[in-house]
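Shared chain: chain A. Partners: chain B in the first complex, chain C in the second.
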Partner chain A sequence: MKKYWIVFQQSFQNEFVYRLNFILWRFRNVLRILMTYFLWHSVFSSNSNVFGYSKEQMMAYVFLVLLVTSFVMSAPSNDNVGGEISNGTLNNFLVKPISYLSYWLTRDWASKLLNMLFAVFEFSLLWFLFKPQIYFSQSPTQLLLGIFLTIISALIYFVITKLAISVAFWTPENTWGFMFIILVFMDVLAGSIFPLDLLPKSVMTFLQFTPFPYMIYYPIAILVGRVDLITALKILLQSMAMLGFWYYVVMKVWKKGLKNYAAVGI
Partner chain B sequence: MKTFRVIVRFSANSLQQVLSNVPVFLLFFFSKLVRYGLFLLFLILLFNGVTSVMGYSREQMLMFYLIYNLIDTTAQLMFREVYRFRPLIVSGGFDAVLTKPFSPIIRSLFGGPDFIDFGVLLIIVATTIYVANTYIHPSWLQIILFLAMIINSLLIAAAFHILVLGIGIITFSVDHLVMIFRDLTALMRIPVDMFTNPIRSILTFVIPVGIMFTYPAKVLFGLLSWQLVVVSFVFGGLSLYLSLKFWHYSLRQYQSASS
Partner chain C sequence: MSSIISVSKLKKYYKVHQKEPGLGGSIRSLFKRKYYDVKAVDGVSFTIEEGELIGFIGPNGAGKTTTLKVLSGLLYPTSGEVSVLGYTPWDRKPAFQKQFSLVMGQKNQLWWDLPAIESFILNKEIYEVPNEQYKKTLDELVELLEVQDVLKVQVRKLSLGQRMKMELIAALIHSPKILFLDEPTIGLDVVMQKKMRDFIKEYNKRYNATVILTSHYMDDVKELCKRIIIIDKGKILFDGALDEIIKKFANHKLLTVVFSKKVDKEDLNDIGVVKEFEFPKAIISVKRASASLAASELLQNFPVADLNIEEPQIEDIIREVFTGRDLA
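Presenting the complex of A and B:
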């Protein structure tokens, strides 16, 4: 455990090496939220209730997207693991007494911590600039459930993206293609632009069986009180089952991938 | 004529490169279609719950989004080589570009068009024509002005990419600047009118993405005054002129340090 703590500390420090890059990255995250904010702001300028959402609930949803996205989707592993498989530097890790996936999970969490610190600052700044009225769930239990689900969402995100990247074991010249399509689906179906309960019920029921709504939509829906406590608990159990299933799949695929791995890039 | 022939050669090379890996081409092509399709679906669903947004109807909102994609995809198709400029500068490979009897700016802008975007562009154009024809019914004058505004938008896009190249020569860094431009343009998936001031004014007159993406659509709807049409063309010409000035300035700063 101690070695991962050292990896965590070093990765956190490492994030400060390219400060300008990091600040520009955070600036880009704020820009992305602006479109969603102003779209919904315009929608509510002539409507008081849209799809059962009050303006306060929707504004809370939009603002929480910034925080939840910063936490769940900050993952430097996405930019590195594929390359390390294809160019053969994965060898360095295979000979060390460290789990490669745990190593990158630790690095991701160091990045998440820094991104969250910035996201809280950005959240406060945007709130100060736009002064939206925000509504959160009044139940502390539900808020805790929402936070817990966000942590599980980050793990689901890690597992799914590593599964997509493991394609590199079989096609080292194409490490990004499959990942790109997963990110495209996540872009809309995770709920970062709109709450997914706008979708027809049948589509929403289907999406429950995919990992996408667990990444952003469900945690925020619980935090803003869109679902009751019993439903929130049900979602939490579903998300844990989802994590368990995809973890099993990624471990199987990773094992097969390692057998196929020939360090061709070396 | 020589410039045109060389650009055709660049395009042919780029097309060959894309076709050398058809599965990857199809994967990216499909992904891009899904991305555009899902946002279109969202806009359609949104109007199941509301009748208008800031006075714009569902069809007008769809047109804003389609025209955004039309301009954005065309710019990406044409100026994709800018994304590969940094390695050229860092490695010193730009020296070889400068020594050839061909304009380095044309080479740096048009050296590698992206043909994955070409397939997507055809579908966007067809959809835009269909929606405009079925729901908007623009006059011939509006269509001609719209096409002129599209060319103007591409001039502004070219100006920005030239600015990025110039900054790349001076600072060795391009990647984040291009991506920030992409994020700024992505704001224009909705009309610039939806932003409150001062953000609206900044997005229209400081970083003229509003002129690039919202104004052509408004011309097509007949919602833009002739004064603003003139202002748009002035912005287009001026931004290109200033970016070329900056390009020449940055070339004088180039020290070929990496070669």
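Presenting the complex of A and C:
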């Protein structure tokens, strides 16, 4: 597995080449958090309790979105895989004893690590500036469960986006179509803009059968103690089933796609 | 010697959709698409022995690259049997993949933003090359290709020629037994083309590696390959030694004449097909069998200062084979 370790290291080096890009990307994340922060700040200025959330819990949610999205949604594979399928760069991997999906998964994790390092720094800076009152779960077990779920969330995110991108095997011209739809869904339904339990209960019941709430909402809900330990365990099991199911689907689809792959250029 | 590649009745058809020109056509194609089959490879058979250096030649879209892609396991064939080193290529077994390399002149495998040496290190790990062997191979290749001083330069800052050399090193770091080269000299200047050819020749000799290359440049093939396979429209037109082509396809010879006095071009048409006429020189194509008769006629009836009977150029023969025209 040393090859993936090398891929990991080189991905890191590669990110450093695009320093400005990276810094601006981080800046965008901080801006987003600031906007949601001020939005909720003004909501809570006239109410002390909104949709069952106290100010401390909501602020904790907002701040955790920064950390969790940095981890779950940092995925350079999203920007590259579709293009590599449609322009034939994928060929370079198919002739070698290396798995293309594992290669990109590794590169994603390198990016996640780098983004996390920055997110922690930004998190501390924002904390220092705004000194928000934050409430986290007091139970170490629950915190550990939350962290573990975040890792699974990142894998679910990877699998779902790779499924969306596999459309490139059949229509290389339309790589981004599905991705856009999925990304819009993710923005809202994953919970990076507001906590999902603000939605009507029936919607939430339905959503738990989709992969979206597992990406951002559930990990944070566990970390801030919105759910009890039993529910947290139940969510963890559901998320693993979700990952297993979509992993199976994406492998099937990729196998079919590779068979159909015309390897570009006669 | 034993055959390490055998291909029998290989076919690869693509379904391609056809779009009428213009915006109207684009809109129509949203609702109804017309598909047609492209017979990229249409019943091809051949075997290749270990250590051979073979050239695939043919016009664009002849099926050369498709054949290479099937041999390297990128494409699943429509029908036919293929065995490379005893493996079925499209099973993509790691044990098979460790024994060959595919280099495509127009695709690069190097990390664009990092120095080439990083990609070599990655390939070393991907192919699980032992340290000692890696060092030895790298040193040899770097020396052969003279790239010591640019190993640590970002790939994006290399010239095309330097990059192609790096691509070759990356492809050879695991000492493959078979090397598939798709247009290895495309876009390179003549000096660099020559260097590339010398390298390929040397590599083939030194390691007894089997090399199969496709190219549009006849010079590549003429200089490198003892055996060539000519493909057109998915079918093999010829498979054999380079000189055999002349025997098989050239049914004419060329008379190059230099006249001492003005002659009328029209009069030369009785001798054969006038391919070039610029006083005092003319090139006339005549049937092979009647070459000497035509020459003596020329000598008798025209003011000839100099006369040569030559075999036609190999490029011309191949062009005639492809276009189906007979110039004699």
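What we mean here is this: the second predicted complex is superposed on the first by the 264 of 266 C-alpha atoms of A that agree within 3 Å, B and C clash if a C-alpha of one lies under 4 Å from a C-alpha of the other, contacts with A are read in each partner's own complex, and residues count from 1 in each chain.
The definition used in the following text is that a residue touches a chain if its C-beta (ideal position, glycine included) is under 8 Å from a C-beta of that chain, and two chains touch if they have at least 3 such contacts.
Since this is a predicted model, take the numbers as computed values, not measurements.
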Looking at the overlay, what does A:Phe185 touch: chain B (first), chain C (second), both, or neither?
-> first
Touching A:Val249 in the superposition: chain B (first), chain C (second), both, neither?
-> neither
Applying the touch criterion given at the start, work out whether A:Lys96 contacts chain B, chain C, both or neither, answering first, second, both or neither.
-> second
Between chain B (first) and chain C (second), which does A:Asn47 come into contact with in this model arrangement: first, second, both, or neither?
-> first
For A:Gly177, is the partner it touches chain B (first), chain C (second), both, or none of the two (neither)?
-> first
Contacts of A:Leu39 with chain B and chain C, given as first, second, both or neither | first
Name the chain, either chain B or chain C, that contacts more residues of chain A.
-> B
Who does A:Leu24 touch here: chain B (first), chain C (second), both, or neither?
-> first
Return first, second, both or neither, reflecting whether A:Leu199 touches chain B, chain C, both chains, or no partner chain.
-> first
Given the complex, residues on chain C that touch chain A span 14, 38, 40, 61, 63, 65-66, 69, 72-76, 92, 94, 97-98, 100-102, 104, 106-109, 111, 113-114, 118, 121-123, 125-128
Can you check the complex and tell me which residues of chain A touch chain B?
-> 20-21, 24-25, 27-28, 31-32, 34-35, 38-39, 41-43, 45-47, 50-51, 173-174, 177-178, 180-181, 184-185, 187-189, 193-194, 198-199
Complex interface listing, chain B residues touching chain A | 21, 23-24, 27-28, 30-32, 34-35, 38-39, 42, 45-46, 49-50, 52-54, 176, 179-180, 183-184, 186-187, 189-190, 194-196, 199
What residues of chain A sit close enough to touch chain C in their complex?
-> 2-3, 5-7, 10, 13-14, 17-18, 88-89, 91-92, 94-98, 259, 261-263, 265-266
